Each structure stands twice: as structure tokens, then as C-alpha cells.
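The same chain A turns up in both complexes below, where it pairs with chain B and then with chain C.
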Partner chain A sequence: MNFDFSLLTTELALFVLGLSTFVLGLVVPSASRRGLGSFAALGLLLVLGIAVINWSNQGVLLNGMYLVDGYANFFKVMFILSAILVILGSFRYIDQHVGHHFEYYSTVVFATLGMVVMASAGDFITLYLGMELMTISFIILVAFRFMDTKSLEAGMKYLLLAAMSSAVTLYGLSLVYGATGTIIIGEVAEAVARGGNSPLLVIGLTMLVAGLGFKVAAVPFHMWSPDVYEGAPTPVTSFLAVGSKAASFAILLRLFLGGLGDLHGQWAMLVAVLAALSMLVGNLVAIPQTNIKRMLAYSSIAQAGYILVGLVAATEAGVKGVMFYAFLYIFATVGAFTVVAAVYNKIKSDEIADYAGLVQRAPLAATVMLICLLSMAGIPPLAGFVGKFYLFQTVVQGYMWLVYLGLIMSMVSVYYYLRVVLVMFRDDPKDPSPIEFGSAANMTLIIAMVITLVLGIYPGPLAEVANTAAQTFFLR
Partner chain B sequence: MNVPVLTLTLLAPIIAALIIVFIPKEEDKLCKWVAALGTGVALALSLYVYFGYDQSVGGLQWVDFGGPVPWIRDLGVTYYMAVDGLSLPMLLLTNLIGFAAVFASWNVTLRVKELMIYLLVLIAGVMGTFIAQDLFIFLLFYEVVVIPIYIMVIIWGSSKRVTKEYAGMKLTIYLLIGSAFLLVGVIATFVQSVAITGTPDMSFEGLARVDFPEQFQIYMFGLMLLGFGSLLSMWPFHSWSPDGYAGAPTAVSMIHAGVLKKIGGYGLIRVAIFVLPLGAKFWAPYIAVLGVIGVAYAAMGALAQKDLKYVVGYSSVSHMGYVLLGVASLGVVGVNGAVANMFAHGVMSALFFSMIGFIYERTHTRWIPDMGGLSHQAPRLSVGFMMAAMASLGLPGLISFIPEFTIFVESFRVFGWLAVLAIAGIIITALYVLRAGANTLFGPAREEYNHVRDLRGPEMVPLVLLGGVLVIGGILPSLLFDMVNSGVAPILVHIQEALQIGGR
Partner chain C sequence: MATGLNPSYFIALSAALFAIGLYGAISRKNAIAVLIAIELMLTAVNINLVAFNKFLTPEAFIGQIFAIFVITVAAAEVGLGLAIVIAIYRNRKSVNLDDFDWMKW
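And now, the complex of A and B:
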């Protein structure tokens, strides 16, 4: 049994950071607590450095309970990056609308820790532990503007539905345990290979699809997401949309390809139908939305549909596609939501109509919004195009209809993205005063924009990293 | 070749756009001059490349960085910029029209800085499609152009018969849905090529070497035809074209009708036919029929229009029908004619739209019955208008006569009676073009247009440049035809070989 706890450096560093943010918050006078945001961001940057340095320090801990492989490391870097971007983008929003700085920042760090644990989870208990750490942190964060009834309502909804989905997931896990007699994902795979498929296993598997389908907000388990996205404080929405979703995909792949890969025939069609429904419903229902957060919520449902395509393929290329797409999705989504948060700071509205003339009031923000939305739509030369190319090429053989559906729906999505562009670029602003974002939020915007552009034009390096990471995934 | 000339040509407008980003938005004139400089440099470079190309050697020349540079290894994508006799006329056309389009927008006063940025990005995007020799990079540029066009239409467009929002969205959605099918085709072709050869390779040459099964080729060619066809405004996917042009500002109409559409024809030859020859063989008769229907239908449509831009919009659909007919002949003479006709039509329609733009700026109408006698007040403008009109009906001595003639010769050989129908379209073309010219320019002078001032200063650039090309191309057709032939002939040789191996 391997007890090399140096493999856990990243996790420990995150843990220390979360605690020290919290403790510092208690110690320093309330007037200077807003500086904790910078502290958390810098700390996360340090953790990011640690994670990158420890990239090649890979191994299996405690008989497969905890897997530190390229796949997990890729996701960890992704989560930490998105946490940094979200925190940088949220300084002003938290200052103006929320307060309670240190609780906010340390909860974000703990949510990140939860995701990081999920990425490495090698057995059901660790997986559940990470998932709950993340989910509970998010329940707190969603309801963080507790003076605002919308935020409270969102928090309540999220609490109830998250509890329910956790229960379903747990029930599924216990059934799989019952059928295979083990909770270690690697051993589940062996048991499945030996024992074939018992009805118990199939029921457990279906439960898992439902429970995790809720986490990634795939249709028909998506109902919560527009309401929660709309009500939650905007930076939280953005972290929920990227971090929570990507982490759930990380375990989804781990469970279904790592553990239940031999049952591919049983679940592939199920997942393909979920993917297709998500692309259809997400994109079509996004069209009539007038609130930008709701629109982005539906669009992120559609994005989940695209990513699920990579799971349907159940190949190395599919895993790579998922990783690549999740990575670029993070930047596009955080970029868009940061603009939403900053605009809200000034005009106190999330209605698309109120974005009139944004390009004249804040040229950078409007440009970033344009680029992020078009990346989600998959228009070259932005990252989304390459991502979709990687994803859909994996299902050409066998699921051609999914390719048609996905590509046509992403062109349909251009319709509602362009409506935002129309308002931002064509109209003259009612109030032409410029909108200031603050240097931290500007940094988030510029990073999101540059990475979205660079990944679209020169995706080679990231694709190679994702490729090697995906290879470690199937080693066991 | 040490200096990457093609990359520099591509970068010239992009650099100009970046410079404009930092110019204060009150400095309208400066923005325009920088844009003119950027496109001017690109035009000069592409002329240099055009006349430096060695036709006796043929093949791909001016290869940047000495060959394909690996770009995305796992997809086999390479940064491979080079030109042959097929790309070069298109590259030159892009820059001719791009340069002219800047001057055609010289009188715009609304948000000039932004207009110039989008225009330059658009020009660079179009240029990229013609010099990339890699399918993936081609696709990157192919769709880049959609968004600047949309933004330009909704801000600077006009809402005469359809609102500019409607026009812009229709333009965008049509092209994107078409490109979705194209993308399915490309992805499937790529996956299949990897399955056959084992190594990913996205270059046109690499894909063309793969032996795809016949059924597969027919399937994929159909998808690509849908994508490229809707960009080329192939009947029945043409309806975006008249509406789109009518809503678009002058510069967009010029570039869209002049070169963007040609990406469809170029892609059809370079990608679909070159990579999937058996598919081409299967679909050629259908393409010819659609082309002829397009010629006749759109000519009739143009006849019924009273809005100048709609006349030219339908006329361009009609002319693309000839291009399709030439392509469908799958013979050297016919494809030569098709490519040359794309060039000719590009210059002609760009001149047409720029003149209409100037007329509209001055009279605030495009409605033919409201106009008349403009030649009295604006003789130079009328000259430009009539030159474009004459080229449109294929007057010998102007650039489009020889291309149309060669298309007819070859298609008559291949398709017989179909070609006769297409030739009859010429008569209708003459009818609507001459009528539009007569009712707009000639007749007694009208007093309400006495304030109309003739072209002068920078406004002369589109007229002199594009009009000059119309005449030179008409008198010295070999300048264009030899070049086109050196590019088309090897492609068709490849196809003939493939067809013979394919057991036919």
C-alpha cells in the first residue's frame, strides 16, 4: 500500500489556504478584510504553481482510493485557474453587493478543494466526500446575498435538489457496490469484466446517470440551473457553471469509463440521448430568454450536451475532447459572467436590453463578451471551434446523427448569442457614461479573451497536454 | 523563399486594424488612411506575387516558411500557406476589392473607426481562405468572416425593403447552417482518412491522395455541396443573397458579392472536387441543373426588381449559375471559365455595388422609378455604372465575355440542351441590366438631383481601379486565363486519374 502523501501537496496547500483565509478574516479588522480577496487570489496562484510543479509527481494512493494521474492533474490545474479568475473578477461585486469578504473567499477555496478531491477520487467514498464538500460550499455561496430574496430562493432550491441528487447518486453507488462487492473504481472494472452485467448493476448505473446528470445540468435534470444561476450572486454563478460542472464531468468520466467501461453498450445510448436532449433543449429554450444570466444558464446546459458527446465515444480521443472542451469552456464562461457581474455593478440590471451600447461604454467588456459568446457557439478562430472539432470527430463512427445535431444546434445557438451582440454593438446607450471595471476584473477579462483566442488559433500545446493526460486515464 | 510574403500579405490588414484600435475615434480621416494603407500594401504584395508566379512550373509556389509548418499535430494540421493558379486570381481579387471597398466607404461618418476595423478583419479573413493549403486552416478563415459582416450590416446597413437586422441575421444563419453541413462533411472525411491511412493529414494534397470509397465520396460531396453551394448562392439556397446585399452597407456588399461568394466556388473546386472526385462525378449533373435553374430563375427575379441593389443581387445569383455550370462540366475549359468568371464577376459586381453606394449616398434612394437622368449631373459615376452593366451582360472587350464564352463552349459539349437554356439567360440579363441603366442614368435631367455631385478625389479609386481591371482583363484575357489554366489543369488531371482508378 502506498502512503506517499507528497502526492497530496496540492490538496494540502489548498486546505491550508482556505483555513488561513478564514482565520485571517477573523483576526484582521473588518475594514481591511477586503484585502483578503487579493490574499486568496495570490494564494491560489501559489497553489497553481505547486500543482504545475507537481504535475509529474503521479501515483496511486492507498490501494486506489486516491488517484493522482495526468487526468486528475489536468482537472486540478483547471479548477484552480478558474477559481483565480472568478475571485479576481468578483472583488467589486462582493464589495458592493455582498460584504462578508472572508467567508466568501474561504468558501470559494474550500469549494475548489472539493473539486480537486473529486478529480482524484479513486473510490466511491472519496468521490462522495469531494462532491459533498463542493456542493455544500456552493449551497452557502448561492445563498450568500441573504438579504436578497432571489438569492435565498436559489439557495433553497439548490439545497433541496442537490440533496436529492446526492441521494440518488449515493443510492446508485451503493447498488454498484452491492453488485460488485467493492468501492474502488479500478476493482469495480475488474468485477464488471468478470461478472458481466447483473440487473442490479444496470439499475445502479441508471441512478448514477440521473444523479450526475443533475450535477452537470443535463436535460432532463436541468430544471434547477436557470433559477439557481439567475438568483445566485454572479461570481458564484460563474464558478458554479464552470467548476461544479467540470468537476462533475471529471467523476462522470472516471466512473463510467474507468469503472463501468465494459458496460458501454448499456449506457452509451442513454448518455447519447441525454447529450442530444441537452443540446436541443438548452439551445432552443435559450432563444426567448431576456435575462442574460438565464440565457447563459440555458447555453451552459447546451454546452454540457456537447461535452457529454465525448463520454458517448468512450475512447481516449473522447476523454481528450472532454478535457479540452472543459478547459476552454471555463475561460469563455468566466469571461462572460465577469462582464455580467461588472455591468450589474454599474447599472443594477441583468436584462439583455440594458446592455444597449455597451461597446461604447466599455469597449473591452463588449469585445470580451463577443469573443466568449462566439467561442461557446463554436465560431472560428475561437477555442470553441477546435473544441467541437475534437469532440465531434470522436463519434463520427456510430453516432453520426449526434454530429449533425450538435453542429446544427451550435449554429442555431449563434442566433441568441448574436442578439446580445446586436444590442451591445448596434444600439446607442441610454446613458453614455463609461463603465469602470477595476483592474482585477479587467485582468480576468483579458486573460479569458487572450486564452480563448490563442487556444482557437494555436491549440496544439493544450491538445498535446490533454492527450498525454488522457492516456494516463486508461492505463489502469 | 525566405520572406513569408503570403503571411505578410495576410497580416497587412490585421496590423492596420491593430493600429486603428489605438487611434482616437474622432480621427476619422486618419482611420481611413491607415485602412487604405493596409489594404494598399496587401494589394501591392498580391500583385507582386501574381506576376512573380512562374506559370511554366505551375503547382504551389510562394510557399511560406519553406513548407508545411506543423500546427496541431494530433489533427495533422499544418500552417501551409502557398498559392497556385487557382488561388492567385482569387487572392488578387480580394485585395483589389478590399482596397476599393475602403475608398467606397470614404463618405461614411458613423463610427468610422469601428467600421474600418471590421472591414480589415473581414478582408484578412477572406484572404486567408484562398492562400491556406490546409483544410482546417481554410475552415478557420471560412467562418471568421461571418461575424464582422453581421456587425457591419446591423450598424451601417440600411433598412429599405427589409430591416437591416433581418438582413444581417438571414445572411448569418443561412451561411452558418450551410457551414454546419460542410463541417459534418469535413469531420467525417477527416476521420475516414485517418481510418484509411492511419496518419492524420489535413492538407488538401494529403486528403486528395486518400482513396475514399465511392459511396462515402458521394455522401460527403453532397454535404460539402450544401455548404459551399449555399455560400455560392446556389438555387434553392440563394435567398439570403438579394436580401443580404440590400441590407448591407456598400463595403460589405462589394466584398460579399465580389469575393466572399467566390469562396463557395473555390471551395467546391479545391476541396470537394479535388478530394472527392468520384463524388463530383456523381453530383455534376445535378449541379449543372441547379446552376441552370439559378441562371434562369434569378434573371427573371432581377427583371421584376425595382430596387437597384436587388437587381444586382439577383443578377449575382444568376451569374453564379454560370459558374456552377462551368464547374459541373468537370473539363479543363469549363472549370477555367468558371474560375475566370468568378474573378470577372467579382470585379464587376464590386464596381456595381460601389457605384450604387455612391448614388444612394447622394440621392438617398435606390428605387429605380424615382431616378433618371443622373448622367447629366454625374458623368463619371455613370461611366462606372455602365461599365459594370456592360460587363454584366458579357460585352466583348470587357472581362466577362471570354469566361462566359468558354463556359458555354464546354457545357454545350457536356450537357447539350441544358447549356442552351443557360445561354438564353444572357438575353434576360441584357434586358434587366440595360433597363436599370437607362432608367437610372439616362433620359432628361431631373431637377431634384441637381445637387448630386460627381465622383471626385478618393471616390474615384473604385472606378479607376476596378474599371481598369474590367478593361485590361477584356483586352488581355491571357493575363487571367493562363494563370487560371496553370492551376486548374493539374487538379483536373488528378481527377481524371482518380476516376480511372475508380473503375469508370
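And now, the complex of A and C:
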């Protein structure tokens, strides 16, 4: 059997980058470890180039254990892009609050590698290994400020709940293996089409929904996310919110549409209820929050609810909606969290009340925050509106109640997003001294803002790419 | 090769182990006890995998290989878990999960 290594170029490049960042951290003196961040960012930029150049180099490795298709490539580009933005936006925060620990940047790269493997996973073992590589890296990152009790507590909670959810997912996978006799997702689909549904398969399916529900933080499996989001270092929170969530959605779609698509009748209602609960609870509990990271955590639970709607539809348009929404969600979220991290650098607080008069102290940051929050709320000229439109359009037939609920809850979300905006723009600052962000963070902010605006006004090209990628997903 | 065993025995055993593990993970207050309970859940998974391998695909070692991967990754996870438990013990002089309440929803 010949093994085409060229299909793995992106993964190998990421792996080499992770190792070399680590080794470089070991050999350079601790005073010059600051440069590791730039090294990792530049390396990731290179890997991004490799991933884009290799876009059309698609194929299947090891009889379907590793799938390199348009769907996987789309997600890969997305993960690498979010890693770059997170690293660029957080140089100062890392310098001041995490310290010169050389493991930080290489762990970020390895978490990205885990996500990339997840996107390409074609069988249960690859899927599990990618998921664990990502999860273990994230546990390290969440607990990285090991002298800070909040960070450690968040790490502890994340570790226990992530390990538990991995065990539940694995149990589900083992039952699906037991029911179908194969662990390759494509063959699972054939077996399901032949054999119909045994009780073993249905129980396995439920376990998978629960386990992966944990990973995407869908209600009722969301309890960990506000605590972990609040306690983790802010750049890690933003990477957790975008990367971990998008990667979990990538395997969720792969498993449920690619492998268990014929059982759609069994799981569609279950996922629809999860989506509805996430929208409801996420948006309602976000209202009374006073800490901005907790508020964004609940809002990201609600976003998971919106994205799940695309899975309920289980069509090509649904997959396209998920991909498009996940892509724009990255920029809105990273933009918002970069502002949070930079403001924390100056005022040492994450309380919404302390954002008073931010527009006078840092006009760019306040504007980016405004645009990102409005995009998450789905206000028309911005990307979030288009994304929600693509998602909810797919379930108009059959799940109209979900559409109404999504609309109402989007309206509710405008309230708590605008509360932050009101504090930033209306109130007078306690201390009018300007807040410096640094050029790298400013760059991240501008990229996030421009892309959120452009995708809202001119979504055509990305929608076209997502469409083509979604088609490869259903060809097999 | 007939062993007189029925796959349902193994499924029942692993389901019982999994349920015990899940109960322990939710009810125990000691962080290390919770980690042990999670190990029980993973053991249940391994029993499932190996038993299904024996009955479904005895000609290929799919389940066995999967089980080895699960064991390896679980070891890494527990190593990390214990490291965090030690770090948090140095800070708080406690491994009781009820004490970790700095953040509340």
C-alpha cells in the first residue's frame, strides 16, 4: 500500500513547527524567549500558506482512516488562522501575566495540530487521538498561570469534565463499533444503511451526543464553560472558544452526517432540543453577568446553539451554514477577547463596569468591540446576520419553532451586548488615561473588524468556498 | 472458536463498570477519587472494545488496537491530572472539590 505523504504536508509542517518552537525555547536564554511568540506566529503564517497552496491536493489515506477533503481543508485553514490571530493579539498579555515560559507557544501549536487532525479524522482512533491532543493541550494552557488559584481551579474543573466527556464519547464510539463492526466512519455509514438501528447503536448515539455536547458546551452540558472561560488566561479563553468549539463541530458533523446520517430520524430531535436549550439558557443567563469573560462564555454557549441548528438540518446547506458561521464566529470572538485581554493588561479587571468610557481611552478597541458584539447578535450589515440567515434558512421546513426561538433569542442577546456598548460609549471613564495596545494586538483587532464587516457586506466568495467544501462532504 | 460466552455478558459488565464510574465521578468530593472513577469509565470502554473485537472481527485487531490507544492516552491524561492536583494542593492545602469555589455561576 503506497502512502501519499504529500497529503499530510500541513500536519507535518505544524508538527515540525511545534517541536522547533519547543526546542528553540529550551536553547535560547530566558530573556530572549519573548521572540518565541513572533517565531510561532510567523511559522503558523507559513503553515497557513502551505495549507492554502495544498487546498486542491485532496485524497483518502489508509482506506479512509484519514480524509483530506475540501471540508477538512476548510476547517484546517480556519484553525490555523485563529491560532495566528490569538497569538498575535496576546503578546503583551502573555508577557505580563503568563511569563516567559517557553512551553506556552508550542502548546498552542500542538493544540492546533490536534484540531487539524480532528478535522481530517476518518475513523474513531484518529478522531480520539486528535481530540485528546487538543484537549490535553488546552488543559495545560488553561492551568498555565500555575501560581494563580483561579487559573488552577479552572484547569482542575476543565480536566475532570473533559476527561469525563472523553470517556462518555469513547463509550459511545465503542458501542457504535459493537453495533456496526467497524471504526471507519465511511464503513459505519454503509453498515447503518444495511442494518438499520439496533438498540446498541441508539444508546451509542445518545452517548456521542452527550460527550460531544460537552465539547461544544451545549446546554445541559455547559456547566464547565463559564468557570473555565473566566479562570483561564484570556488568550487561551479566546482560543478555547473558537478553536475547540469549531473542531468539535467538525467531528460532530463528520460523525453524525458522514457516519450516522441514515439515523437522522433518531438524533435530529435530540440535537434540536440541545440547540433550543443552548440558545435559551445561554442568552438568558448572559443577561445578569457582570464579568465580561463570563458574559462572553454564556454568549458562546448561545452561539453553539445557533451552530447546532445546521446539524439538525443535516443537508448540504446545513453543513455550509455551520462552516460559514464558524468562520465568522472566529473573527468576532477573537476580536472581542483581544480587547478584553488588552484592557485587562491596563486596568487589571474584567468587570463590565470598569469598561466605562473605553471609547475615550482606546477608540479602536471600543469600535472593534462594538462591531464584534453586534456581529454576534446578528445585526444586518455585519457577518453574523448573514451567518444566522444561512443557518436558520436550512430548518425553515420542519423546524419552524427553532427559527422563531432563534429570532427571539437573538433579540434578547442584543440587550446584553448593547449593555456593554452603552457602558463603553456613554459613561465617563474613571481614569481618562489612554490604553496602549501594541501594534500586534492592533493588527488583530483591525483584521477581525475588517473581516467581520466585509463578510457581512460581501459574503459571496466565502459562501461559495464553503459550498464547494460541503459538497465534497456528501460525495462519499 | 466457541467459548460458551455470550457478548451480552461483556456488555453488561462494561455497562455496570461505566455506571459505577460515572456515579463515582459525579458524587465523589476528592479530586483523586474522581480521577480514579474516570479511569473506571475508561476501563469499561476497553472491555467493550476488546469483547466486540473478539466477537465481531476476530480476524482484525481493530478493537484491541483502539484499546491500547485508549490506555496510553488515559495515562497521559492522569499524569496531567495529578500534576494539577499537586499544584492546586500547594496553593490551597486541599484537594476537596467543594473548596474550589472561587468562581461561581
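One rule holds for everything that comes next: the second predicted complex is superposed on the first by the 472 of 476 C-alpha atoms of A that agree within 3 Å, B and C clash if a C-alpha of one lies under 4 Å from a C-alpha of the other, contacts with A are read in each partner's own complex, and residues count from 1 in each chain.
What we mean here is this: a contact is a pair of C-beta atoms (placed from the backbone, for glycine too) under 8 Å apart; a residue touches a chain by one contact, two chains touch by 3 or more.
All values reported here derive from a predicted model rather than from experimental measurement.
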- First (chain B), second (chain C), both or neither: which does A:414 touch? first
- With the two complexes superposed on chain A, say which partner A:177 touches: chain B (first), chain C (second), both, or neither. second
- Query: Who does A:443 touch here: chain B (first), chain C (second), both, or neither?
  - Reply: neither
- In the superposed arrangement, which partner chain does A:160 touch: chain B (first), chain C (second), both, or neither? second
- Give one of first, second, both or neither to describe whether A:403 is in contact with chain B, with chain C, with both, or with none. first
- Touch check for A:62: first (chain B), second (chain C), both, or neither? neither
- Message: Contacts for A:454 in the overlay, against chain B (first) and chain C (second): which applies, first, second, both or neither?
- Response: neither
- Query: Do chain B and chain C touch any of the same residues on chain A, and if so, which?
  - Reply: none
- Query: In their complex, what parts of chain A are in touch with chain C?
  - Reply: 124-125, 128-129, 132, 136, 139-140, 143, 146-147, 149-150, 152-157, 159-160, 163-164, 166-168, 170-171, 174-175, 177-178, 181-183, 200, 223, 226-227, 230-231, 285, 294
- Query: So in the complex, which bits of chain C are touching chain A?
  - Reply: 7, 11, 14, 18, 21-22, 25, 31, 34-35, 38, 41-42, 44-45, 48-49, 52, 56-57, 62-63, 65-66, 69-70, 73, 76-77, 80-81, 84-85, 87-88, 91-92, 97, 100, 102-103, 105
- Note on the structure: Within the complex, chain A is touched by chain B residues 70-75, 114, 136, 139-144, 146-147, 150-151, 154-155, 165, 169, 172-173, 176-177, 179-181, 183-184, 187-188, 190-192, 195
- Message: Touching residues of chain A toward chain B in the complex: what are they?
- Response: 359, 370, 374, 379-381, 385-386, 389, 392-393, 396-397, 400, 403-404, 407-408, 410-411, 414-415, 418, 421-422, 425-426, 456-460, 463-464, 467
